[in-house]
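As C-alpha coordinates, here come the structures.
In the two complexes below, chain A is the common chain; its partner is chain B in one and chain C in the other.
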Partner chain A sequence: MKILVVDDSRAMRMIVQRTLRQAGFDATIVEAENGQEALDKTKSEKPDLILSDWNMPVMSGIEFLNALRGGGNNTKFGFVTSESTPAMRAQAVGSGAAFLISKPFNADTFKDTLNGVV
Partner chain B sequence: MSTQALDPVPVPRLEEIKGTFCMLLAKDVRVEQCKSYEKHTDDGVISIVRDDEGNALAAVQVDAKIAAGAGAALTLMPAGPVKEVKTSADVFPTHLENFREIANVLAGLMNSQSSPHVTLGEVLRIADGLADDVRELRANPTRRDVFDIDIPGYAAGRLYVFVR
Partner chain C sequence: MQLNETALHEAVNTTLDALVGSAGEAVDPTTPNWAMRALIEISGDFDAVVAATCDEHFARSLAAAMFGLELDETSDDDVRDAFGEFTNIAGGMVKSLLPGTCRMSVPSVGDPTGVGEPSAVALLCEAAVEHEGGHVGVRVLSPT
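Take a look at the complex of A and B:
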(Lines of atoms letter the chains of each structure in order from A and count residues from 1; the text may use other names and numbers.)
(Lines give C-alpha, C1' and ligand atoms only; values in the text may rest on other atoms or scores of the structure.)
Protein backbone atom coordinates (compact mmCIF):
# COMPACT_ATOMS: atom_id res chain seq x y z
CA MET A 1 0.00 0.00 0.00
CA LYS A 2 1.19 3.51 -0.79
CA ILE A 3 -0.02 6.49 1.25
CA LEU A 4 0.46 10.15 0.32
CA VAL A 5 0.81 12.35 3.43
CA VAL A 6 0.18 16.03 2.72
CA ASP A 7 0.99 18.71 5.28
CA ASP A 8 3.00 21.93 5.16
CA SER A 9 4.63 20.97 8.46
CA ARG A 10 7.49 18.51 8.19
CA ALA A 11 7.04 17.64 11.86
CA MET A 12 3.37 16.84 11.35
CA ARG A 13 4.12 14.66 8.31
CA MET A 14 6.56 12.75 10.49
CA ILE A 15 3.96 12.36 13.25
CA VAL A 16 1.34 11.07 10.82
CA GLN A 17 3.85 8.53 9.49
CA ARG A 18 4.77 7.45 13.00
CA THR A 19 1.11 7.06 13.94
CA LEU A 20 0.45 5.00 10.80
CA ARG A 21 3.26 2.65 11.84
CA GLN A 22 1.92 2.45 15.40
CA ALA A 23 -1.51 1.65 14.00
CA GLY A 24 -0.04 -1.26 12.06
CA PHE A 25 -0.12 0.15 8.55
CA ASP A 26 2.96 -1.08 6.75
CA ALA A 27 2.85 1.37 3.89
CA THR A 28 5.18 3.15 1.53
CA ILE A 29 4.90 6.82 2.38
CA VAL A 30 5.07 9.66 -0.12
CA GLU A 31 5.08 13.24 1.15
CA ALA A 32 3.88 16.58 -0.18
CA GLU A 33 3.98 20.05 1.37
CA ASN A 34 0.84 21.52 -0.17
CA GLY A 35 -2.12 20.69 -2.37
CA GLN A 36 -0.43 21.56 -5.64
CA GLU A 37 2.57 19.33 -4.92
CA ALA A 38 0.17 16.62 -3.77
CA LEU A 39 -1.82 16.89 -7.00
CA ASP A 40 1.37 16.35 -8.98
CA LYS A 41 2.46 13.43 -6.78
CA THR A 42 -0.94 11.80 -7.00
CA LYS A 43 -0.45 11.61 -10.75
CA SER A 44 3.16 10.41 -10.62
CA GLU A 45 3.01 8.13 -7.55
CA LYS A 46 -0.55 6.79 -7.77
CA PRO A 47 -1.11 6.35 -4.01
CA ASP A 48 -3.81 4.06 -2.63
CA LEU A 49 -4.77 6.57 0.05
CA ILE A 50 -4.26 10.29 0.62
CA LEU A 51 -4.10 11.84 4.11
CA SER A 52 -4.17 15.61 3.84
CA ASP A 53 -4.11 18.63 6.09
CA TRP A 54 -6.77 21.27 5.41
CA ASN A 55 -5.00 24.60 5.83
CA MET A 56 -1.90 24.82 3.67
CA PRO A 57 -0.21 27.50 1.57
CA VAL A 58 -0.33 27.47 -2.26
CA MET A 59 -3.31 25.08 -2.42
CA SER A 60 -5.43 24.06 0.56
CA GLY A 61 -6.56 20.53 1.26
CA ILE A 62 -10.12 21.12 0.14
CA GLU A 63 -8.92 22.80 -3.08
CA PHE A 64 -6.67 19.80 -3.66
CA LEU A 65 -9.56 17.38 -3.15
CA ASN A 66 -11.83 19.35 -5.47
CA ALA A 67 -9.12 19.47 -8.14
CA LEU A 68 -8.54 15.75 -7.74
CA ARG A 69 -12.20 14.80 -8.07
CA GLY A 70 -12.70 17.39 -10.81
CA GLY A 71 -10.00 15.61 -12.79
CA GLY A 72 -11.77 12.28 -12.39
CA ASN A 73 -9.39 10.84 -9.80
CA ASN A 74 -11.18 8.78 -7.12
CA THR A 75 -8.23 7.88 -4.86
CA LYS A 76 -9.41 7.36 -1.28
CA PHE A 77 -8.97 10.61 0.59
CA GLY A 78 -9.15 11.69 4.23
CA PHE A 79 -8.35 14.87 6.10
CA VAL A 80 -6.10 15.05 9.16
CA THR A 81 -6.57 18.51 10.55
CA SER A 82 -6.45 20.57 13.72
CA GLU A 83 -9.79 22.17 12.99
CA SER A 84 -12.96 20.19 12.32
CA THR A 85 -16.19 22.13 12.48
CA PRO A 86 -19.44 20.46 11.37
CA ALA A 87 -19.39 22.75 8.33
CA MET A 88 -15.89 21.55 7.40
CA ARG A 89 -16.92 17.91 7.82
CA ALA A 90 -19.96 18.47 5.60
CA GLN A 91 -17.82 20.22 2.98
CA ALA A 92 -15.22 17.44 3.12
CA VAL A 93 -17.77 14.66 2.66
CA GLY A 94 -19.60 16.65 0.00
CA SER A 95 -16.36 16.96 -1.94
CA GLY A 96 -15.65 13.25 -1.74
CA ALA A 97 -13.54 12.74 1.40
CA ALA A 98 -14.04 9.45 3.19
CA PHE A 99 -13.26 10.81 6.67
CA LEU A 100 -11.86 13.66 8.70
CA ILE A 101 -9.51 12.92 11.60
CA SER A 102 -9.09 15.82 13.99
CA LYS A 103 -5.97 16.42 16.04
CA PRO A 104 -5.08 15.29 18.62
CA PHE A 105 -5.27 11.72 17.37
CA ASN A 106 -3.57 8.47 18.36
CA ALA A 107 -2.89 5.06 16.83
CA ASP A 108 -6.34 3.81 17.82
CA THR A 109 -7.96 6.72 16.01
CA PHE A 110 -6.07 5.81 12.86
CA LYS A 111 -6.84 2.11 13.25
CA ASP A 112 -10.56 2.66 13.78
CA THR A 113 -10.88 5.14 10.94
CA LEU A 114 -8.60 3.64 8.30
CA ASN A 115 -9.64 0.02 8.75
CA GLY A 116 -13.02 0.91 7.37
CA VAL A 117 -11.49 2.58 4.34
CA VAL A 118 -8.43 0.60 3.20
CA MET B 1 -18.85 37.36 12.25
CA SER B 2 -19.53 39.55 15.28
CA THR B 3 -17.99 38.31 18.49
CA GLN B 4 -20.36 40.29 20.72
CA ALA B 5 -23.16 37.76 21.19
CA LEU B 6 -21.00 34.66 21.29
CA ASP B 7 -19.52 32.73 24.19
CA PRO B 8 -15.86 33.12 25.16
CA VAL B 9 -13.54 30.65 23.44
CA PRO B 10 -13.38 27.41 25.43
CA VAL B 11 -10.28 26.47 27.38
CA PRO B 12 -8.99 23.05 26.23
CA ARG B 13 -9.82 20.36 28.75
CA LEU B 14 -7.07 18.66 30.74
CA GLU B 15 -7.41 15.43 28.77
CA GLU B 16 -7.30 17.36 25.48
CA ILE B 17 -4.06 19.08 26.49
CA LYS B 18 -2.58 15.78 27.63
CA GLY B 19 -3.75 14.09 24.44
CA THR B 20 -2.15 16.79 22.34
CA PHE B 21 1.25 16.51 24.01
CA CYS B 22 1.15 12.69 24.09
CA MET B 23 0.14 12.45 20.43
CA LEU B 24 2.69 14.89 19.14
CA LEU B 25 5.59 13.81 21.32
CA ALA B 26 4.78 10.07 21.45
CA LYS B 27 5.54 10.20 25.16
CA ASP B 28 3.52 9.72 28.30
CA VAL B 29 3.44 13.41 29.14
CA ARG B 30 2.03 14.18 32.57
CA VAL B 31 -0.45 17.04 32.69
CA GLU B 32 -2.21 18.18 35.84
CA GLN B 33 -4.36 21.18 36.58
CA CYS B 34 -2.95 23.54 39.20
CA LYS B 35 -5.50 23.83 41.96
CA SER B 36 -4.01 26.87 43.62
CA TYR B 37 -3.74 30.33 42.12
CA GLU B 38 -0.38 30.64 40.47
CA LYS B 39 0.57 33.96 38.94
CA HIS B 40 1.96 33.49 35.48
CA THR B 41 5.66 34.01 35.00
CA ASP B 42 6.87 37.14 33.23
CA ASP B 43 8.87 35.17 30.69
CA GLY B 44 8.10 32.20 28.46
CA VAL B 45 6.80 31.41 24.99
CA ILE B 46 3.31 32.59 24.14
CA SER B 47 1.00 31.60 21.31
CA ILE B 48 -1.75 34.02 20.40
CA VAL B 49 -5.18 32.76 19.34
CA ARG B 50 -7.04 35.24 17.14
CA ASP B 51 -10.54 35.46 15.68
CA ASP B 52 -11.18 36.03 11.99
CA GLU B 53 -10.97 39.79 12.52
CA GLY B 54 -7.54 39.53 14.13
CA ASN B 55 -8.61 40.12 17.74
CA ALA B 56 -6.52 38.30 20.36
CA LEU B 57 -9.19 36.24 22.14
CA ALA B 58 -6.92 33.80 23.91
CA ALA B 59 -3.29 32.94 24.51
CA VAL B 60 -1.34 29.92 25.67
CA GLN B 61 1.89 30.62 27.54
CA VAL B 62 4.43 27.98 28.49
CA ASP B 63 7.66 28.20 30.42
CA ALA B 64 10.65 28.58 28.11
CA LYS B 65 11.97 25.13 29.01
CA ILE B 66 8.59 23.55 28.13
CA ALA B 67 8.63 25.18 24.70
CA ALA B 68 12.22 24.05 24.18
CA GLY B 69 11.59 20.56 25.57
CA ALA B 70 8.44 19.98 23.57
CA GLY B 71 10.07 21.41 20.47
CA ALA B 72 13.02 19.08 20.86
CA ALA B 73 11.00 15.99 21.75
CA LEU B 74 8.69 16.51 18.79
CA THR B 75 11.41 15.58 16.32
CA LEU B 76 13.51 13.42 18.64
CA MET B 77 16.23 16.03 19.10
CA PRO B 78 18.55 15.58 22.08
CA ALA B 79 17.44 16.86 25.47
CA GLY B 80 20.88 18.25 26.38
CA PRO B 81 20.44 21.78 25.01
CA VAL B 82 17.01 22.03 26.64
CA LYS B 83 18.63 21.76 30.08
CA GLU B 84 20.56 24.96 29.35
CA VAL B 85 17.43 27.00 28.63
CA LYS B 86 16.89 29.66 31.27
CA THR B 87 14.81 32.29 29.47
CA SER B 88 12.73 32.46 26.30
CA ALA B 89 15.68 34.14 24.58
CA ASP B 90 17.49 30.79 24.89
CA VAL B 91 14.82 28.84 22.93
CA PHE B 92 16.29 27.76 19.60
CA PRO B 93 14.37 28.75 16.45
CA THR B 94 13.93 25.07 15.52
CA HIS B 95 12.43 24.30 18.93
CA LEU B 96 10.15 27.32 18.59
CA GLU B 97 9.05 26.25 15.11
CA ASN B 98 8.28 22.75 16.37
CA PHE B 99 6.44 24.10 19.38
CA ARG B 100 4.17 25.92 16.95
CA GLU B 101 2.74 22.51 15.96
CA ILE B 102 1.59 21.95 19.52
CA ALA B 103 0.23 25.48 19.76
CA ASN B 104 -1.64 24.95 16.50
CA VAL B 105 -3.43 21.86 17.78
CA LEU B 106 -4.27 23.60 21.07
CA ALA B 107 -5.68 26.56 19.14
CA GLY B 108 -7.86 24.17 17.15
CA LEU B 109 -9.32 22.93 20.42
CA MET B 110 -10.44 26.46 21.26
CA ASN B 111 -13.22 26.41 18.69
CA SER B 112 -16.82 25.58 19.46
CA GLN B 113 -20.22 26.03 17.83
CA SER B 114 -21.10 28.88 20.18
CA SER B 115 -17.85 30.86 20.23
CA PRO B 116 -15.98 32.91 17.63
CA HIS B 117 -13.92 31.02 15.10
CA VAL B 118 -10.27 31.25 16.10
CA THR B 119 -6.94 30.19 14.66
CA LEU B 120 -3.35 30.30 15.80
CA GLY B 121 -1.63 33.62 15.23
CA GLU B 122 1.88 34.38 16.36
CA VAL B 123 4.09 32.18 18.53
CA LEU B 124 6.52 34.47 20.32
CA ARG B 125 9.30 34.57 22.83
CA ILE B 126 8.03 36.95 25.47
CA ALA B 127 11.59 38.29 25.74
CA ASP B 128 11.12 39.68 22.22
CA GLY B 129 8.25 41.90 23.40
CA LEU B 130 4.47 41.71 23.17
CA ALA B 131 1.86 43.83 21.43
CA ASP B 132 -0.47 45.89 23.60
CA ASP B 133 -3.50 43.64 23.00
CA VAL B 134 -1.57 40.58 24.15
CA ARG B 135 -0.20 42.35 27.22
CA GLU B 136 -3.76 43.40 28.09
CA LEU B 137 -5.04 39.86 27.61
CA ARG B 138 -2.38 38.45 29.95
CA ALA B 139 -2.99 41.14 32.54
CA ASN B 140 -6.79 41.03 32.57
CA PRO B 141 -8.19 37.75 31.25
CA THR B 142 -11.78 36.78 32.00
CA ARG B 143 -10.53 33.26 32.60
CA ARG B 144 -7.12 31.84 33.28
CA ASP B 145 -6.22 28.17 33.75
CA VAL B 146 -2.86 26.79 34.83
CA PHE B 147 -1.47 23.33 34.15
CA ASP B 148 1.66 21.52 35.29
CA ILE B 149 3.40 19.66 32.47
CA ASP B 150 6.15 17.07 32.67
CA ILE B 151 7.72 15.84 29.44
CA PRO B 152 9.75 12.80 30.52
CA GLY B 153 13.44 13.23 29.84
CA TYR B 154 13.07 16.79 28.57
CA ALA B 155 11.43 19.36 30.82
CA ALA B 156 8.81 20.15 33.42
CA GLY B 157 7.01 23.43 33.90
CA ARG B 158 3.81 25.38 33.54
CA LEU B 159 1.26 26.05 30.83
CA TYR B 160 -1.15 28.99 31.22
CA VAL B 161 -4.29 29.58 29.18
CA PHE B 162 -5.69 33.12 29.05
CA VAL B 163 -9.13 33.84 27.62
CA ARG B 164 -10.57 37.27 26.96
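Take a look at the complex of A and C:
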Protein backbone atom coordinates (compact mmCIF):
# COMPACT_ATOMS: atom_id res chain seq x y z
CA MET A 1 0.00 0.00 0.00
CA LYS A 2 1.24 3.49 -0.81
CA ILE A 3 0.05 6.49 1.22
CA LEU A 4 0.59 10.14 0.28
CA VAL A 5 0.93 12.30 3.40
CA VAL A 6 0.33 16.00 2.74
CA ASP A 7 1.12 18.64 5.36
CA ASP A 8 3.11 21.88 5.29
CA SER A 9 4.72 20.86 8.59
CA ARG A 10 7.54 18.33 8.20
CA ALA A 11 7.15 17.49 11.90
CA MET A 12 3.50 16.62 11.37
CA ARG A 13 4.28 14.51 8.32
CA MET A 14 6.70 12.53 10.50
CA ILE A 15 4.12 12.16 13.26
CA VAL A 16 1.51 10.93 10.79
CA GLN A 17 3.98 8.35 9.49
CA ARG A 18 4.90 7.28 13.03
CA THR A 19 1.23 6.99 13.96
CA LEU A 20 0.49 4.91 10.86
CA ARG A 21 3.24 2.47 11.91
CA GLN A 22 1.93 2.38 15.49
CA ALA A 23 -1.54 1.67 14.14
CA GLY A 24 -0.18 -1.30 12.21
CA PHE A 25 -0.29 0.10 8.69
CA ASP A 26 2.76 -1.10 6.79
CA ALA A 27 2.82 1.35 3.92
CA THR A 28 5.20 3.07 1.56
CA ILE A 29 4.97 6.77 2.37
CA VAL A 30 5.21 9.60 -0.13
CA GLU A 31 5.21 13.18 1.15
CA ALA A 32 4.05 16.54 -0.15
CA GLU A 33 4.03 19.91 1.62
CA ASN A 34 1.05 21.55 -0.08
CA GLY A 35 -1.91 20.73 -2.30
CA GLN A 36 -0.18 21.61 -5.55
CA GLU A 37 2.77 19.35 -4.84
CA ALA A 38 0.34 16.65 -3.73
CA LEU A 39 -1.64 16.96 -6.96
CA ASP A 40 1.56 16.39 -8.94
CA LYS A 41 2.62 13.45 -6.75
CA THR A 42 -0.80 11.84 -6.99
CA LYS A 43 -0.29 11.67 -10.75
CA SER A 44 3.32 10.45 -10.59
CA GLU A 45 3.15 8.15 -7.54
CA LYS A 46 -0.42 6.81 -7.81
CA PRO A 47 -0.99 6.36 -4.06
CA ASP A 48 -3.72 4.08 -2.69
CA LEU A 49 -4.68 6.59 0.00
CA ILE A 50 -4.15 10.31 0.57
CA LEU A 51 -3.99 11.81 4.07
CA SER A 52 -4.03 15.59 3.78
CA ASP A 53 -3.94 18.59 6.04
CA TRP A 54 -6.62 21.20 5.30
CA ASN A 55 -4.92 24.50 6.00
CA MET A 56 -1.79 24.82 3.85
CA PRO A 57 -0.10 27.55 1.81
CA VAL A 58 -0.05 27.50 -2.03
CA MET A 59 -3.04 25.13 -2.30
CA SER A 60 -5.24 24.09 0.60
CA GLY A 61 -6.38 20.55 1.25
CA ILE A 62 -9.94 21.19 0.09
CA GLU A 63 -8.69 22.89 -3.10
CA PHE A 64 -6.47 19.86 -3.67
CA LEU A 65 -9.37 17.46 -3.19
CA ASN A 66 -11.62 19.45 -5.51
CA ALA A 67 -8.90 19.57 -8.18
CA LEU A 68 -8.34 15.85 -7.79
CA ARG A 69 -11.99 14.91 -8.14
CA GLY A 70 -12.48 17.50 -10.86
CA GLY A 71 -9.78 15.72 -12.84
CA GLY A 72 -11.57 12.41 -12.47
CA ASN A 73 -9.20 10.94 -9.87
CA ASN A 74 -11.03 8.91 -7.19
CA THR A 75 -8.10 7.95 -4.93
CA LYS A 76 -9.31 7.40 -1.37
CA PHE A 77 -8.85 10.66 0.51
CA GLY A 78 -9.00 11.67 4.17
CA PHE A 79 -8.23 14.90 5.99
CA VAL A 80 -5.94 15.07 9.03
CA THR A 81 -6.49 18.58 10.31
CA SER A 82 -6.55 20.80 13.37
CA GLU A 83 -9.86 22.28 12.21
CA SER A 84 -12.90 20.02 12.25
CA THR A 85 -16.15 21.90 12.53
CA PRO A 86 -19.38 20.19 11.41
CA ALA A 87 -19.43 22.55 8.40
CA MET A 88 -15.92 21.47 7.38
CA ARG A 89 -16.81 17.80 7.77
CA ALA A 90 -19.83 18.32 5.56
CA GLN A 91 -17.75 20.17 2.98
CA ALA A 92 -15.10 17.44 3.07
CA VAL A 93 -17.61 14.63 2.55
CA GLY A 94 -19.44 16.64 -0.09
CA SER A 95 -16.18 17.02 -2.02
CA GLY A 96 -15.45 13.31 -1.85
CA ALA A 97 -13.39 12.77 1.31
CA ALA A 98 -13.91 9.48 3.12
CA PHE A 99 -13.15 10.85 6.60
CA LEU A 100 -11.74 13.70 8.63
CA ILE A 101 -9.34 13.01 11.52
CA SER A 102 -8.89 15.85 14.00
CA LYS A 103 -5.50 16.79 15.39
CA PRO A 104 -4.46 15.83 17.98
CA PHE A 105 -4.87 12.13 17.22
CA ASN A 106 -3.37 8.82 18.32
CA ALA A 107 -2.83 5.34 16.89
CA ASP A 108 -6.28 4.20 17.99
CA THR A 109 -7.84 7.08 16.03
CA PHE A 110 -6.03 5.92 12.91
CA LYS A 111 -6.96 2.26 13.48
CA ASP A 112 -10.63 3.06 14.02
CA THR A 113 -10.84 5.38 11.03
CA LEU A 114 -8.62 3.71 8.46
CA ASN A 115 -9.69 0.12 9.04
CA GLY A 116 -12.99 0.89 7.43
CA VAL A 117 -11.34 2.56 4.45
CA VAL A 118 -8.24 0.56 3.43
CA MET B 1 -17.40 24.44 26.34
CA GLN B 2 -16.65 28.15 26.03
CA LEU B 3 -13.27 29.79 25.63
CA ASN B 4 -11.88 30.71 29.04
CA GLU B 5 -8.62 30.24 30.92
CA THR B 6 -9.49 26.68 31.96
CA ALA B 7 -10.40 25.64 28.42
CA LEU B 8 -7.24 27.27 27.06
CA HIS B 9 -5.08 25.40 29.60
CA GLU B 10 -6.79 22.20 28.54
CA ALA B 11 -6.13 22.98 24.86
CA VAL B 12 -2.44 23.63 25.55
CA ASN B 13 -2.01 20.47 27.59
CA THR B 14 -3.99 18.28 25.18
CA THR B 15 -1.76 19.51 22.37
CA LEU B 16 1.38 18.91 24.42
CA ASP B 17 0.27 15.46 25.44
CA ALA B 18 -0.42 14.49 21.85
CA LEU B 19 2.89 15.81 20.54
CA VAL B 20 5.34 14.93 23.31
CA GLY B 21 3.44 12.43 25.44
CA SER B 22 2.87 14.43 28.61
CA ALA B 23 1.18 17.60 29.84
CA GLY B 24 2.68 20.54 31.72
CA GLU B 25 2.04 22.40 34.97
CA ALA B 26 0.28 25.76 34.97
CA VAL B 27 2.60 28.72 35.63
CA ASP B 28 2.44 32.51 35.70
CA PRO B 29 2.34 33.65 32.04
CA THR B 30 4.72 36.53 32.76
CA THR B 31 7.54 34.32 34.05
CA PRO B 32 9.71 33.18 31.10
CA ASN B 33 12.14 34.78 28.70
CA TRP B 34 10.28 34.19 25.46
CA ALA B 35 12.51 33.20 22.53
CA MET B 36 9.94 32.36 19.87
CA ARG B 37 6.45 33.43 18.90
CA ALA B 38 3.87 31.97 16.54
CA LEU B 39 0.72 33.79 15.47
CA ILE B 40 -2.47 32.44 13.93
CA GLU B 41 -5.28 34.70 12.78
CA ILE B 42 -8.86 33.52 13.11
CA SER B 43 -11.41 35.38 11.03
CA GLY B 44 -15.08 35.08 10.19
CA ASP B 45 -17.98 35.37 12.59
CA PHE B 46 -15.42 35.95 15.35
CA ASP B 47 -12.05 37.61 14.81
CA ALA B 48 -9.14 36.67 17.04
CA VAL B 49 -5.41 36.11 17.12
CA VAL B 50 -3.81 33.14 18.84
CA ALA B 51 -0.33 34.13 19.98
CA ALA B 52 1.90 31.37 21.33
CA THR B 53 5.30 32.11 22.83
CA CYS B 54 7.91 29.82 24.30
CA ASP B 55 11.43 29.80 25.66
CA GLU B 56 14.40 28.21 23.93
CA HIS B 57 14.30 25.02 26.00
CA PHE B 58 10.64 24.37 25.27
CA ALA B 59 11.13 25.00 21.55
CA ARG B 60 14.12 22.65 21.31
CA SER B 61 12.48 19.95 23.45
CA LEU B 62 9.30 20.07 21.37
CA ALA B 63 11.21 19.76 18.11
CA ALA B 64 13.39 16.95 19.50
CA ALA B 65 10.32 14.99 20.58
CA MET B 66 8.41 15.55 17.35
CA PHE B 67 11.34 14.70 15.08
CA GLY B 68 12.77 11.95 17.31
CA LEU B 69 16.09 13.77 17.73
CA GLU B 70 18.40 14.74 20.58
CA LEU B 71 18.12 18.37 21.73
CA ASP B 72 21.42 19.37 20.14
CA GLU B 73 20.49 17.74 16.84
CA THR B 74 17.51 20.02 16.18
CA SER B 75 17.99 22.71 13.55
CA ASP B 76 16.39 26.15 13.71
CA ASP B 77 14.07 25.07 10.87
CA ASP B 78 13.00 22.01 12.89
CA VAL B 79 12.25 24.24 15.87
CA ARG B 80 10.16 26.73 13.85
CA ASP B 81 8.29 23.91 12.11
CA ALA B 82 7.51 22.10 15.37
CA PHE B 83 6.40 25.24 17.22
CA GLY B 84 4.27 26.29 14.26
CA GLU B 85 2.49 22.96 14.30
CA PHE B 86 2.02 23.12 18.08
CA THR B 87 0.38 26.52 17.60
CA ASN B 88 -1.68 25.25 14.68
CA ILE B 89 -3.16 22.43 16.74
CA ALA B 90 -3.75 24.59 19.83
CA GLY B 91 -5.23 27.27 17.55
CA GLY B 92 -7.61 24.75 16.03
CA MET B 93 -8.82 23.84 19.50
CA VAL B 94 -9.30 27.53 20.34
CA LYS B 95 -11.22 28.02 17.11
CA SER B 96 -13.55 25.15 17.99
CA LEU B 97 -14.51 27.07 21.15
CA LEU B 98 -15.41 30.28 19.31
CA PRO B 99 -18.93 31.05 18.11
CA GLY B 100 -19.97 30.92 14.49
CA THR B 101 -18.02 29.95 11.41
CA CYS B 102 -14.38 30.98 11.26
CA ARG B 103 -11.27 30.16 9.28
CA MET B 104 -7.66 29.99 10.41
CA SER B 105 -4.48 31.28 8.82
CA VAL B 106 -1.33 29.22 8.64
CA PRO B 107 1.03 30.12 11.51
CA SER B 108 3.66 32.84 11.27
CA VAL B 109 6.68 31.80 13.35
CA GLY B 110 9.79 33.70 14.39
CA ASP B 111 11.51 35.51 17.21
CA PRO B 112 9.23 37.79 19.24
CA THR B 113 10.75 40.97 17.85
CA GLY B 114 10.06 39.87 14.27
CA VAL B 115 6.65 38.31 14.91
CA GLY B 116 4.95 40.82 17.16
CA GLU B 117 1.50 40.68 18.63
CA PRO B 118 -0.93 43.00 16.81
CA SER B 119 -1.76 46.34 18.39
CA ALA B 120 -5.24 47.50 19.37
CA VAL B 121 -6.31 44.15 20.73
CA ALA B 122 -7.93 43.01 23.94
CA LEU B 123 -6.72 39.98 25.83
CA LEU B 124 -9.51 37.40 25.98
CA CYS B 125 -7.60 34.82 27.97
CA GLU B 126 -4.14 33.37 28.44
CA ALA B 127 -2.54 30.23 29.76
CA ALA B 128 1.04 29.17 30.33
CA VAL B 129 2.60 25.90 31.36
CA GLU B 130 6.00 24.58 32.36
CA HIS B 131 6.94 21.33 30.69
CA GLU B 132 10.16 19.53 31.63
CA GLY B 133 11.94 22.80 32.38
CA GLY B 134 10.62 24.69 29.35
CA HIS B 135 7.81 27.20 29.20
CA VAL B 136 5.06 27.93 26.71
CA GLY B 137 2.28 30.50 26.86
CA VAL B 138 -0.77 31.00 24.68
CA ARG B 139 -2.78 34.23 24.52
CA VAL B 140 -6.03 34.71 22.67
CA LEU B 141 -6.49 38.31 21.53
CA SER B 142 -9.39 40.03 19.87
CA PRO B 143 -9.39 43.31 17.92
CA THR B 144 -10.80 46.25 19.87
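Quick note on the criterion: the second predicted complex is superposed on the first by the 118 of 118 C-alpha atoms of A that agree within 3 Å, B and C clash if a C-alpha of one lies under 4 Å from a C-alpha of the other, contacts with A are read in each partner's own complex, and residues count from 1 in each chain.
Quick note on the criterion: a residue touches a chain if its C-beta (ideal position, glycine included) is under 8 Å from a C-beta of that chain, and two chains touch if they have at least 3 such contacts.
Nothing here was measured: the structure is a model prediction, and the numbers come from that model.
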_On the A-aligned overlay, A:115 touches which partner chain: chain B = first, chain C = second, or both, or neither?_
neither
*Using the touch definition from the top, say if A:14 reaches chain B (first), chain C (second), both or neither.*
both
*asked:* Just to be sure I read the superposition right, which of the two partners does A:57 touch: chain B = first, chain C = second, or both, or neither?
replied: second
*Check the residue A:103 against both partner chains and state whether it touches chain B (first), chain C (second), both, or neither.*
both
_chain A residues contacted in one complex by chain B, in the other by chain C_ = 9, 11-12, 14-15, 18, 55, 81-85, 102-106
*Note which residues of chain B are touching chain A in the complex, please.*
16, 19-20, 22-24, 26, 74-75, 98, 101, 104-105, 107-108, 111, 113, 117, 119
*Report the residues of chain C in contact with chain A in the complex, numbered from low to high.*
14-15, 17-19, 63, 66-68, 78, 81-82, 84-85, 88-89, 91-93, 95-96, 101, 103-106
*Complex contacts: residues of chain A adjacent to chain C*: 8-12, 14-15, 18, 55-57, 81-85, 87, 102-106
*Spell out the residues on chain A that touch chain B in their complex, using ranges where they run on.*
9, 11-12, 14-15, 18-19, 22, 55, 81-86, 102-106
